[in-house]
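What follows is a group of structures, each given as structure tokens.
Two complexes follow with chain A in common, the first pairing it with chain B and the second with chain C.
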Partner chain A sequence: MITAHIMPLTILLPLVGAYLILLVGSKYRLFARNAALAITGATFAMVCYITYLVSSHGKMSYYLGGWAPPLGIELRADPITAFLLLTFASVSFFVVLFAYDILPGEIKGKVVTRYYALYLVLLGSLLGIVLSNDFFNIYVFLEISSIAAAALVAVNGDKLAMEASIKYLVMSTLGSGTVLMGIAGLYMVTGYLNLDFLAGALPQAYANYPLTVSMTLGMLTVGIAVKAALFPLHVWLPDAHGSAPTSSSAILSGLVVKVYIAVLLKLLYRVFPLDFLAAMPLQGSLLVMATLGIFIGSIMAIRQRDIKKMLAYSTVAQIGYVFLGIGLFSEKAMVGAIYHVFSHAVMKSMLFLSAGLLIKYSGKRTIEDLSGLGRIYPIPMVAFSVGALSMVGIPPLAGFMSKWYLGWGALEANQLPFLLVLLVSSLLNGFYYLPIVIGGFFKPAAVAIKEEKIPLGAQISLLVLIAATFFFGLFSNIPVNFLTPTVQGIFNAFGGGI
Partner chain B sequence: MSDIIVRVVTRLMIPYLQLYGLYIILYGHNSPGGGFAGGTVIASSLILYVLAFGIDDEDLRLSPSVARIIESCGALAYVGIGLGGILLGANFLSNKAAGFPLGIPGRVFSGGTIVLLTVSIGLKVASTMITLFVNIAEKEGEEES
Partner chain C sequence: MDNLFYAMVFIIFLTGFWIMLRQSNLIKKIIGMNIMESAIFLFLVAIGYVKEGSAPIAIDANPGLAYVNPLPSALILTGIVVSVSVTAFALGLTVRLYQHYGTMDVDEITRMRSEEL
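And then the complex of A and B:
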């Protein structure tokens, strides 16, 4: 029974868990974190099972209510979605594990229960977006995720976070509204919401209504770009991710901005026909925005003195890499983009979590004040260093492999300048990450540091993330071999890319 | 707020508003309406009550903590009905395919699980609106004092 219904159950588990936590957790304060840990763990296990099923049986489809599309809502898992699901479920589990003892000290006691409920709603919506094969369903989950994410920023109720959260909510709602308009346009010209049926009907619709279809592509891309913080639509991100509590920053920067990229991937590679995309100025604008994002994100990050703000700007730059990989329209670059979604999720959540610990123990957020912490708190500082080196792209870490595939994709697409972009931006990454690493280990402590024991859950979580960064740098062939046939299939169907 | 006209009119209107909300919820499968619209109407009747009689009124039957419990239960009931489809051997949220009786079209008790689903949505929406309103109203009160 579980096998046949695994996809809806995986989305439902966190959502049901959220309401159970609200129901039971208001009486028993310790219930929330234990339940959240168990539920994210179970979700992770179920996602592993989905991945196993996809790798052994291929694509899976599920019709809600037994209604076949185009009438009903379809859930779909293929290797790319399974890989993304695995990324989301694993990172969110380790963030909860990290927060187990940390979170109650970081946010007000009475909102802890609600915090975990929101967190699980967010996780459920992320999984829902990735699994849905129906555009309106994707939109509903997009809305759930943006509201839950904005609430996770504002959970503490301090002024900065409130302001950032409102900004985030407004921008994100603008993005959703634009996406909704795009979906409405597609529905208007085709009469379908299911992605496969849309793909089948779009060539004819494009012949009849070229302007409407071009506009929908524009609206969908811009709407997604706002939510995914592609330059120059990133303005909400640094404040929101910089002022949120540690575990919120980790999941927002690591996962939430990525899920919109999953939607974009579905759009570009499953819905719109190739000749249409080639006729639109999409590739050029994606590549220009991505390149600008990479450079300006990095330069802004160099200027920051606040470590969380710096990490947030670094996310703007890293999102640029992913859009670069998508915009190159080549097989290797797309593998690189999907791989970077994963490796950046691991690295950035590790960086935010370890930075959160360092801030907690030093009591300061500025970069200079973090020096010398490596000697007293080796685990968070090593985690930060591994994440930083991986961001810069030092082999054999995971960040190197995603850049490797992106660079290979740039060569494959005959776009040599973008190889240079990758190289120069790695240098820029080094500029702002390495001083922290050097200062953390080799400089004397700048401020009086409390010596406390790091909670066990946080230690385990950081160690696992460090191990994952090494493992997926050394054995990148495992996920790449899992992804390549699907990506190849996409490009073969397109006649070898654009 | 001690305006006698507002109080009397509110007292007269609330039963009809709530009845109308229930009607919209229960006829969601037969006519325009449904859980969301009906739930909003019911919630608006309670919001009207709070506006007329003040938030600390002792006759307010729906306390915020009860509203929160109803809210969670409404969402869980929806999922539970959906899971019923799976337990009966069909897909999630299955209706006729899982063997729920459809009844005679046009009656209140027809359409299989859809009535139950709209009722649980109605509960959820009504209690959520109440919770939101009360939360915001209490927040403002705190800042004033």
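And then the complex of A and C:
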């Protein structure tokens, strides 16, 4: 029974859990965090089971209410979606584990229950976006995720965060409005909302209405780019991610911007025919924007004095890598892009979490004030250093492997300049990450530091994330072998790429 | 002439888009958001319209009757719910910002914040 309905149950579990937490948690204070930990843990286990099913039986489909598409809504899991689901479920579980004892100290007491409820709603919507095979369903989950994400920024009620939150909300509504207009356009020319049926009907529709179909593609891409913070549409990101509470920043920067990339992947590789994409100015503009984003994000990060703002600008640059991998239209680059979604999720959440701890213990947010903390608090500083080195792309860490595949993809697509982009940007990453690492271990402390015991949950969570960064750098062949057949299938279907 | 409706929808959409980007008053931004979303709903209504179609109620006695496509209307219902909740949340944030800063102008808020630092 569970096996047959595993996909809708995985989405429903966090959503129902959120309501449960609100119902029970208002009376019992400690209930919320235990329940959130149990629910994210169970979601993680179910996602592992989905991955197992996908790896043993191939892709799975589920028709909601038993109605077959095009009438009904379809959920679909293939190796790529399973990999993204694992990324989302695992990182959000470890963020909750980290926050177990930290969160009550960071946000006001009575808000904690609501915080966990919002967190679970966000997780449910992320899983829903990845699993849906129906465009309107994707839109509904997109809106749920943008409201929940904006609320997670503003949850503490301080004025900086609320200002960032409304900017975020306005920009992401702009993005999802544009996406909905695009979806309506697709429905107009084909009469379908299911992705597979759309893909079947689009070539004919393009022959009949070339202008409408190109405009639709443009609106969908721009809408997704706003929400995923592709340069120059990233203006909302640094404030929102920089001023949110620690665990919100970790999940927003690590996961929420990535889910829109999952939508873009579905759109570009499953819906639109590749020869149509080649005729559009899409590839060129994606590559230019991605490159500009990588450089300008890194340069802005170098200029920041506030560590969380710096990490947020670094996300703008790292999103550029993912868009670069998608824009190269080659097999290895796409594997690299998907792999980078995962490795960046692990690294950036680890960086935000450890930075949150360091800020908590030093009481300061500026980079200079964090020096000397490594001797008193080795675990967060080591986690920060591993994340930083992985961002720079030092082997054998996970960040190196995603850059390796991106670089290989650039060679495969015969786009040598982008190999140079990768190398130069790694150097830029070093400019802003390494001073913190060196200062943290080798400089004397700049401010008086409270000596406190780091809560156990936070320690475990950081250690697991460190271990994952090493493991998926050394054994990158496991996920890559899992992903490659599907990616190959996509490109073979279109005659080996452009 | 048939495409006139779509052209109008597009103009309304861009109007809302422009208001959201260019107005610094938060209430005006939220109004712009609603104008933009109304344009999308109008677009969906227009897609579903069938000339001289009736309400989509299946009647066995008259199977040849043309009816309006019901799916876009169902989508709009969901869209309206989404739009209402986003509006409510945005208005709530605006109220709280007004309590803190005494203004609803984003540029003004940014200026006040930079003076505080």
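Simple rule for what comes next: the second predicted complex is superposed on the first by the 498 of 498 C-alpha atoms of A that agree within 3 Å, B and C clash if a C-alpha of one lies under 4 Å from a C-alpha of the other, contacts with A are read in each partner's own complex, and residues count from 1 in each chain.
One rule holds for everything that comes next: contacts are C-beta pairs under 8 Å (C-beta built on N, C-alpha and C of every residue); 3 or more make two chains touch, one makes a residue touch a chain.
Keep in mind the model is a prediction, meaning the values are calculated, not measured.
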Exercise for review: With the two complexes overlaid on their shared chain, look at chain A and say whether chain B and chain C clash or fit.
Suggested key: fit
Check your understanding: Regarding the shared-chain residue A:150, is it in contact with chain B (first), chain C (second), both, or neither?
Key -> second
Check your understanding: Which partner does A:471 reach: the first (chain B), the second (chain C), both, or neither?
Key -> neither
Check your understanding: Counting residues of chain A in contact, which comes out ahead: chain B or chain C?
Key -> C
Review point. Touching A:63 in the superposition: chain B (first), chain C (second), both, neither?
Key: first
Practice item. Figure out whether A:20 sits in contact with chain B (first) or chain C (second), or with both, or with neither. Key: first
Exercise for review: Have a look at where A:49 lands relative to chain B and chain C in the superposition and call it first, second, both or neither.
Suggested key: neither
**Study point:** chain B, chain C and vertex chain A (Cα centres) - angle in steps of 10°
**Key:** 40
Practice item. For the combined overlay, can you note the least CA distance between chain B and chain C, rounded to whole Å? Key: 6
Review point. Which positions of chain C touch chain A when the two form their complex?
Key: 13, 16-17, 20-21, 26, 29, 33, 36-37, 39-40, 43-44, 47, 72, 75, 78-79, 82, 85-86, 89-90, 93-94, 96-97, 100-101, 106, 109-110, 113
Review point. Across the complex, what residues on chain A touch chain C?
Key: 136, 140, 143, 146-147, 150-151, 154, 157, 159-160, 162-163, 165-167, 169-170, 173-174, 177-178, 180-181, 184, 187-188
**Study point:** chain A - residues contacting chain B, complex
**Key:** 1, 5, 8-9, 12, 15-16, 19-20, 22-23, 26, 62-66
Review point. For chain B, which residues are in contact with chain A within the complex?
Key: 65, 68-69, 71-73, 75-76, 79, 82-83, 85-86, 90-95, 97-98
